[in-house]
Each structure stands twice: as C-alpha cells, then as structure tokens.
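Chain naming follows the written order as A, B, C and D, and within any one chain the residues start at number 1.
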Amino acid sequence: MQFELRTQVIEPKRKTFTNLVERYGDRPASRYEEGSIDIQCVENFHYKPLYSADKDHFDPDYTAFTLTDPYSFTDPRQLYYAPYVQSRAAMGEAFAKSIDYVESRGLMQKLPGGWDGIVGEILIPLRHWEAGAELVHIEGSRWAWGTTIDQCCTFAAFDRIGNAQSISRIGIVYGEGHDGALAEAKERWMGDAALQGLRRLIEELLVEHDYGKALIALDLADQLLYPLMYSHLDEAALTGGAGAYSLLAQHYANWFSDQRRWVDALVAAWLGDPTHGEANKDAANEVVGRRWNQIVEAVSDLAAAVDARVDAGAVANVEASAAALAERLTAAGLTVPGGK
Amino acid sequence: MAVKAMYDYTWPSRSAAELYGDDQLVHVWWRGNPYFVSAQTFRFPKAMPFGALVNDVLKGFFTADPDFVPESLDTAAWKVDHEDLVPDLEASLEANGVGHKSLLEFSL
Amino acid sequence: MTVPAQKPARKLSMKQRYTALTHDLDWTPTYVKEEEVFPFTTFEGIKVHDWSKWDDPFRLTVEAYNKYQAEKDRRLYAVLDGFAQSQGQLGLTEARYMNAMKIFLQGIPVHEYNAHRNFSYLARYANGPGARFAALCQSLDELRHAQTEIHTLSHYNKYFDGMHDWHKWTDRVWYLSVPKSFFEDAQTAGPFEWLIAIGFSFEYLLTNLLFVPFMSGAAFNGDLPTMTFGFSAQSDESRHMTLGLEAIKFMLEQDEDNLPIVQDWLDKWFWRGYRLISLVAGMMDYMLPKRVMSWKEAFELYFEEQMLNGLFKDLEYYGIRPPRHVDWAIGEKEILSHQVYWILYQYSHAAAFTTTIPNAEDQEWLEKAYPETWPIYKQVVWDKAQRVMDAGGRYFNPGLPQLCTVCQIPMGFTEPGDPLTQCQRQTVYEGERYDFCSDGCQWIFEREPTKYRQSWLPVHQIFQGNCGGPTLPDVAAWYGLQPGDGAEYLGSPDHQAWLEWHGQTTKEA
Amino acid sequence: MSVAAESRPVGVDIQENEENRALVEAIEADNDDLTIRHMPGMIRLTKNGQLVINQASVEARLGRPWETHEFQLAIITYFGEFVEWDDDQIIIAWKH
C-alpha cells in the first residue's frame, strides 16, 4: 500500500522559512530560529494606541537603545519556550529537593545565631526585590522591538517571580510551615533601614518607562547583590556552619550565571551596534551616571546589616564587586562616577 | 461617540479623498449577482465621463461572468449611494453625483 | 496536664500557600506614586475598589507551571519528531487538506504572539498581583502557542507551498489584514478592554469554535501533529477561559457603573470576533476533505448551547444581556461558510492558499449539512464556476473587492433572510463615506469612528500605490508570493507532488 | 427568563487516550446522568448542574498519586466555571 513509500526519502522542497533563508542562507534552521526570528509584526499597523500619543503599539522608541537590525541580538542560550520550561522544571526540581531536605532535617531551625537573622531579616525580605525585578523585566516583554529581546525579558520576568516564590518557600519552611515569617519579612522590607535603598531603587525603576534603561540599572544592582548574597555568603555559610543557607543559595547563584549570559549579550549588542552604538553608549552612561552611587550605597547598606549579624566581610565584598564592575564598565567604554 | 483615550485622539482617515489626487475610489455593485462576491472597488478619475466608465471599463470587466451580455448595461437601472440615478453619459462621474467611495449600483 | 500547642498544627492549605506565593509578594510603593507605577488602569472608566478580590481558581505557582508545561511539551515535541521521521505527511487524507493549515499558519501564530505581548502589558500594569500573575502565565502560554504552531507546521513547509513566507504575508496580504486588524484593535485599546476583547470574548466565547472542531478535524484527516498541538494548546486555553471569566466577573462585581462599559465592549468584541472566525467556517466546511461536524453544528454546540444557554444565563445575574447582533450571527449559520469560501475561491490567485470546486463527495456532504442553502449556492455560483472550468478556464475575480471598514472582509455577506443580496451599509463621518458588511460592523464604527477610519484597508492601499505597484504581479511580488502558493488546487505543485508520491507507491505496490 | 444553574449543562472535553482513561472512568463513576460523546481524538462529558472530579477516585483507578493540577494535562476545554479547585476536588458548575 501507499505507506511503503516511507522507506524511501522524499526530498524536501525547501529547508526552512523564507525569512531565515534570506537571513542565514539556504540551510536548515533550528527551532530557536524558526520560533524567534521575525515573529513580531513590523509594518502596516492599523490603529494608534489609546494609551500613547507618540508611539505605535510596537515601536522601536520605547527605549533609547536601538539596534540597526533587532535580530542581530539572539539569546546565547537559544532558549525558546519548550527548552525554557524544561530547564526551569529541572531547576525547580533541584530546588525542591534542597528545600525538602532542609525542611525534613529541620535545618532552618538549627541555623547558628547570626545566620538565622540573615535568613529571616535579609534573605526572605528580598523576595520583594525579586517581585519588583519581575515587573522591570516584563516591561521589556511588552515594549521590546523584536522577538528575541522580548523573549529573553519574558523568561527573565518569569524567573524572577519564580525566585520570589522560591524565597517565599524558604520563608514558609523558616516559619515552620506557616506564613508568619513572610509577614514579618514584608514589614522589614517596608521599614528596615538596611533594605530601604533597594526598595527605593526598585520602586524608582517601576516609573522608569524606558525598559532598556530600567533593565541596565536593575542589572547593575543584581551584579552587586547576587555575588554577595548567593556566592560570597554561600562560602561564608559553609565555614560558619549554616549548611542550609549554602544549600539554598547555590540555586540562585546558578540562576544568576544563566541570567548573565543574555543580559551581557544584549548590552554588548547595544554598545557595539554599528550605527547606534555611540547613542546607545550615551544612554547607558546616563543610567550609570544617575544610578551608580545609589546602587552601591543600597547594596552596601544591606551588606552592613549582614556584617552586623555575622562577621562575613560583606561590605568588603560589595566594595570589591563594585570595583571590578566599574572596571568592566570602563573597559566597555562607559564612564563610572568617582567617589564610590 | 468619542474614543476614550489618554490624549486627544484624532487620527486621520487612511482612505481620505485627498490621498487619491484627481482620482477617487468607486464601488461598483451588480445587485443580485453573487457570482461577483461583493461590490468591486475601482480607482477612476473624477472627470471620467460616465459613458466611458460603462463602455470602456465595466462592459469588459463583467465578462468574467460567462452569462454577462455587455449590451445589457445600456439598459441597466442605476443607483448611486442608494438613490436612483439616470446617468448623463457625457458628464463626469463627479457631475453624476458619484463621489469618493460612492456605491454605484446597477440591476439588469 | 499538657498545654496544647499554641500554633495550629495544620500547614498552609493550597489556597493560603498560593496567596503567600503570589498576592503577598505585592507592596504599596512609598517612594513613588502608585498611579505612576500603574498609569493605564483609569482612563477607560472602569472603577476598581479592591484588587485583592481577583481570584484565580487554578492557583498555579511557577514551580507547578514549569513542571506541567514541560511535560506537555515533552509529549508534543515527541509527536512532532516522530511524524517528521516517518514522513507522516504521506498519511494525510489529501494534499488539499494543507490549505486549512496554510491559513492557520499565516493567520494564527503571529496573533498568539501578539496576545503574548499584550498579556505582558497586563502582567506589568494591572494594579493587583493576582491579576498580574495570571496574565504573566498567559503571556508565556501565548508565546508557547505561537512557537508550537510554527514548529508543528515547519515540517509541512518543507514539502508544501503556501507556508514559507508567512512572516511577511501576515503584515501585507489582503485577507490577513482581517486577523491583524482584529488583534491590533485590541492591542491598541486599554487593559480592561483587552481583557474583555481577548480574555473573555475571544478566549471564552469563541476559541472553542476555532480550535476544537478544527483539531478534531485534523485528527480525522491524518494530521496528528496539529491535533496534538491543538489539544495541548487548548489545555492552556482552559486556564485562559478561566482568566477571561474571572476578568468580566471581577469588573462587574467591583462597581455597578462598570456594567454599561463592559456590556458595550462585549457587544463590540463578540461581533468583531465572530466576523474573524467566519474564516474558520469556510475552512471547516470546504477545506477539510473529511469533516467531523459542520460549521452550523459547531456553532450550535459551542456557541448557542454552551454560551447563550449556559454562560449568558449566568451573567444575567449581573445585568449582562446576550451580545448585540447575536441574532444576526445565528441567522447566518446556514450560509456563512458558503459565502466565505466563495470569497476565498475567487481571490485565491492573490493568496497563499489554493482552492477548488467542491467535488462530488464534498457536494453530497454539503447538501446533507445544509439542505436549505447549499442547492441555492450550487446553482448560482458553483455550477457557473464549473462551466468555466469545463471550458478550460478558471474563474478568478479580475478586480478588487469592496472591503468592510471594520472587519476588512470583502463585502460578500448578505441581508438577513435574503441569501443572494449582499448587505451594504454606509456611514458618512466628517464628510467621508465608510462601508460596512453588516449592522454589527457599522455599529462598531459609529462608536469609535476616529479609530476605524485609520484602518489599513488593503484594497485602498493598493490603489494608493503603497503595495508594490498597480498590477496584480506587482502586488504579488510585494507580498512575496511565489508560483504554487496560490490559485487553483487541481494541477498545482502541491497536487502534482501528492500524485507523484502516491503514484510511485502504487507502481511499487 | 432565567434558567436555574442546577438545570443548565456544564461540561468538559478531554483528550481520549490511555493516559486519561482512569480520569474519565472516575468522572463517570462520580457523576450520575453524565452524557458522553466521542469525537476524533476527544471525549466530551456533559451533565446538568455540576460536574465533580475527585482526587481519590482518580487515584484509586490510576494506582498512583494524582494531583488535581494534573487535570490540566488532560483537559481540552470546558464550559461552566471552576467553582472549586483544591487539593482533593475539582467542581465545574454555574454560579448563578
């Protein structure tokens, strides 16, 4: 019958979609490419938005950062939806194993003195930082020009709310199955001096409606906060007998190294754009100039609160991170304000 | 009713008469013949004589229907924008009351 | 005597846990003004007093979302890979079945993607965390749908025409302005209107009509990937339906002043959505070689029975009445698919799909499904088209159609109760005439004329010289159409290839 | 004229495959007067008033733990409203 033909190969008429052949040549395309390149509509828009007098519903001008070809940026991780949820399901499973272990052994209740305070009074309140970071990233998901940037921002937003939820789970375990620790952490987020620099920063980023500038400012803060909270303190926790902290912190450190890959690639694409690179640099300098001291102070305040609970060298860690970061920014051609 | 927007929402028409210069769009509708699934839109000079439209354009165009007899248009009943029209074949479309995006209808 | 423990022993319930992980992450900003954080939720006139009343019965967390979605996609991509490896396209009923999938690829994934972008708008700008998180999940889902649709149809693109350049077609080709204008209409509206337009009217009222009979039809025609993708997408849809229903009830429960605004949007978006999915009617009844049910049956089952007799009885409680112009839609169920396919048939030379005259078997089915109306259409259009074909020709309309200003479909719909007289409605606004296919579209225009007069109507744009040039070849080149993408199915490259594939086999067998 | 919620149908469409057999059987067992319709690839279950899915019934037939969230892997569409979705039970009904 007809199905015998299946043993014989029928030559395909074409290898992939025309836009990809035009862009990359006549070769088979990956699922990342087929699902991410040129998906967003770009022309012949019908109606002006009711909420914006000067921009279309898709418009390159929602940020000061411009790419000559928006698809010159692709996700170095090549993540589209299916591998994204699969990798996050695996990360979620690994985290669940750690938290279940911590819970079943009652490790949260066995944290040595100062570490108990770091978890309850500093780490758990940071779930709100993550929730705010989600809102910053989702701006890019709505306003980016081009699917590849949008897609990275979307996944990052979901990651951040996921981080907020997993930190909340730590809070529930810390509260022995109840939500009391979460309520207390929220009060600290609203009132503790050590957290107000970060809260002010994230709130200000929520009214910075240039998603590119908000993304860069958030990332500068993350580049000081994540190494401190989830790498440096992981080490300190190990030597300080706070195994539970170390066990949990590694998941955020792992996530952050994944996050860095696309953010670094996007910023590099912006700064290196053949036509708009200089203008993009100006925009980045504007963010660095306006935010640098604020960010260093905010994370240093948090670090001081850590050092007050455990002698972990947190402030020194932030100083070192800031110096290294300033060096990287300078190497990229940006100007970092002096003084800090 | 005005559009509710965050600013004064007054965007122009993308089909306005001035976008067509000395020409205009006209919808020609053969009423009662679904073989042409809808009225047909054309771009014609406003100054085109009505007779030229019928004889030089429509008599040829509608032969896409194998049952169409071109001469039947000579005795067709015409309407423009739902009003009866006795066309002046020498006069322009404009003078016959056929404006931009008018519906010019005929029955055989 | 032992003192009972002070803390209750019970751990957090599913609901409390969900609240702790979503709603409770929110805080009221003090360093900036809240109205600057959420600037878009007041201009539409919807009054909200308490965002915490937004409930999400699914109570999904990020962890559960990733786990179940990963499992769904694992199953789906396994089917896609298996189908490609076994050259599953050979097991389709016929190559002409692909035309339905061509229209699907050209008209759907990009708008799933648009929905993704706009649910991100909600995920950012809704004031309440419950609404934001539900919207965020839906944003991801819609991205998933766009990509799984593209990946599902990617294999077919390698073997069939009419799929290779959908990115360009979707922004340019005339019939694709119908879905494009629909979604852009919603995307350019405010957040609450979007929720009623897409979240409620489209997702809850209408997508069953789009997906379920269609995907069941795919199963029936040997298209396993589309069936698998479709059912898998629909499982997300059930969450979206829930969000849509929650959205409308939330607005109605928050303030009684919201009722007239919501009713107005419901009236608008029912009609807008119904006109959009009329394309599905044509696909279901005419493009599937084997059919599960007719458009009419699907409409009765998924719209009249479930929505009018189920949902709207429920919404009566809030003062909501069935959508305006719904009787017109019900009246059209006998003729809609005939008219839509007839439009597609006569303009398929300027399209990226092929059409053909229903064969004897199709006609028998149509006669049975539509005993009242099929004989009329057969007589007035198809017998004539057959005569042209028999004489060695093929009827393509030599001109350009008059388009409805709102739905943008060629004005081939007819007056209620009169299947042969096309409906003509006109409104003069600030000295300019505008055309409409129906009372529904005219009513929508008259509510917001300064919005709809901006419509990028393909026919008008061609005549303005904005589409590559004045002739059909100019326009086709600008569209990016290649030989084989459109026109008649019989004798087309797809048809020939199909015969060759199966002819070879017959010889070998 | 309003028709009481108890007399209006609600329903659910489920993918018809081996994985969902236990689920469908559990629904059949726990809901009297169920109407069942088979279509290619799917099965449609409708009932007047309300439709209940019990975790315990599904688990008993499946022979393994089953979280109510897993219902999302089986469902194609529904009509009615999820008036309850908890650890042990899902209920679809009209509210008014």
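Keep in mind that, in the parts below, a residue touches a chain if its C-beta (ideal position, glycine included) is under 8 Å from a C-beta of that chain, and two chains touch if they have at least 3 such contacts.
From a predicted model like this one, the values you see are computed outputs, not experimental measurements.
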{"item": "Comparison of A-B and B-C by number of C-beta pairs in contact, larger one", "value": "B-C"}
{"item": "Separation of chain A from chain B, taking each centre as the mean of its C-alpha atoms, in whole Å", "value": "58"}
{"item": "Cα-centroid distance, chain B relative to chain C, in whole angstrom", "value": "32"}
{"item": "Approximate Å spacing (C-alpha centroids) for the pair chain C, chain D", "value": "26"}
{"item": "Centre-to-centre distance between chain D and chain A (centres being mean Cα positions), rounded to whole Å", "value": "39"}
{"item": "Residues within chain C bordering two or more other chains", "value": "40, 43, 71, 190, 451, 454-456, 461"}
{"item": "In chain B, residues with contacts to at least two other chains", "value": "3-6, 9, 11"}
{"item": "Chain A residues counted as touching two or more neighbouring chains", "value": "47-48, 50-51"}
{"item": "Every chain pair in contact, whichever chains are involved", "value": "A-B, A-C, B-C, C-D"}
{"item": "Chain B to chain A touching residues, read off their complex", "value": "3-7, 9, 11"}
{"item": "For the chain A and chain B complex, residues of the former touching the latter", "value": "47-48, 50-53"}
{"item": "Interfacial residue positions of chain A with respect to chain C in the complex", "value": "1-6, 9-10, 12-19, 31, 34-36, 38-51, 57-58, 80-82, 85-86, 88-89, 92-93, 95-96, 127-128, 131, 134-135, 138-139, 141-142, 147, 150-151, 154, 157-158, 161-162, 164-166, 168-169, 171-172, 176-179, 182-183, 186, 189-190, 199-200, 203-204, 206-207"}
{"item": "Residue ranges of chain C touching chain A (in the complex, touch as defined)", "value": "7, 11-12, 16-17, 20-22, 24-27, 29-33, 36-37, 40, 43, 61-63, 65-67, 69-71, 73-74, 76-77, 86-87, 90-91, 109-110, 113-114, 116-118, 120-121, 123-124, 129, 132-133, 136, 139-140, 143-144, 146-148, 150-151, 154, 157-161, 163-168, 170-172, 177, 180-181, 184-185, 187-190, 451-452, 454-456, 461, 480, 497, 501-502, 504-506, 508-509"}
{"item": "Sites on chain B touched by chain C in the complex", "value": "1-6, 9-17, 19-20, 25, 27, 29, 31-32, 34-43, 61, 64-67, 81-82, 99-103, 105"}
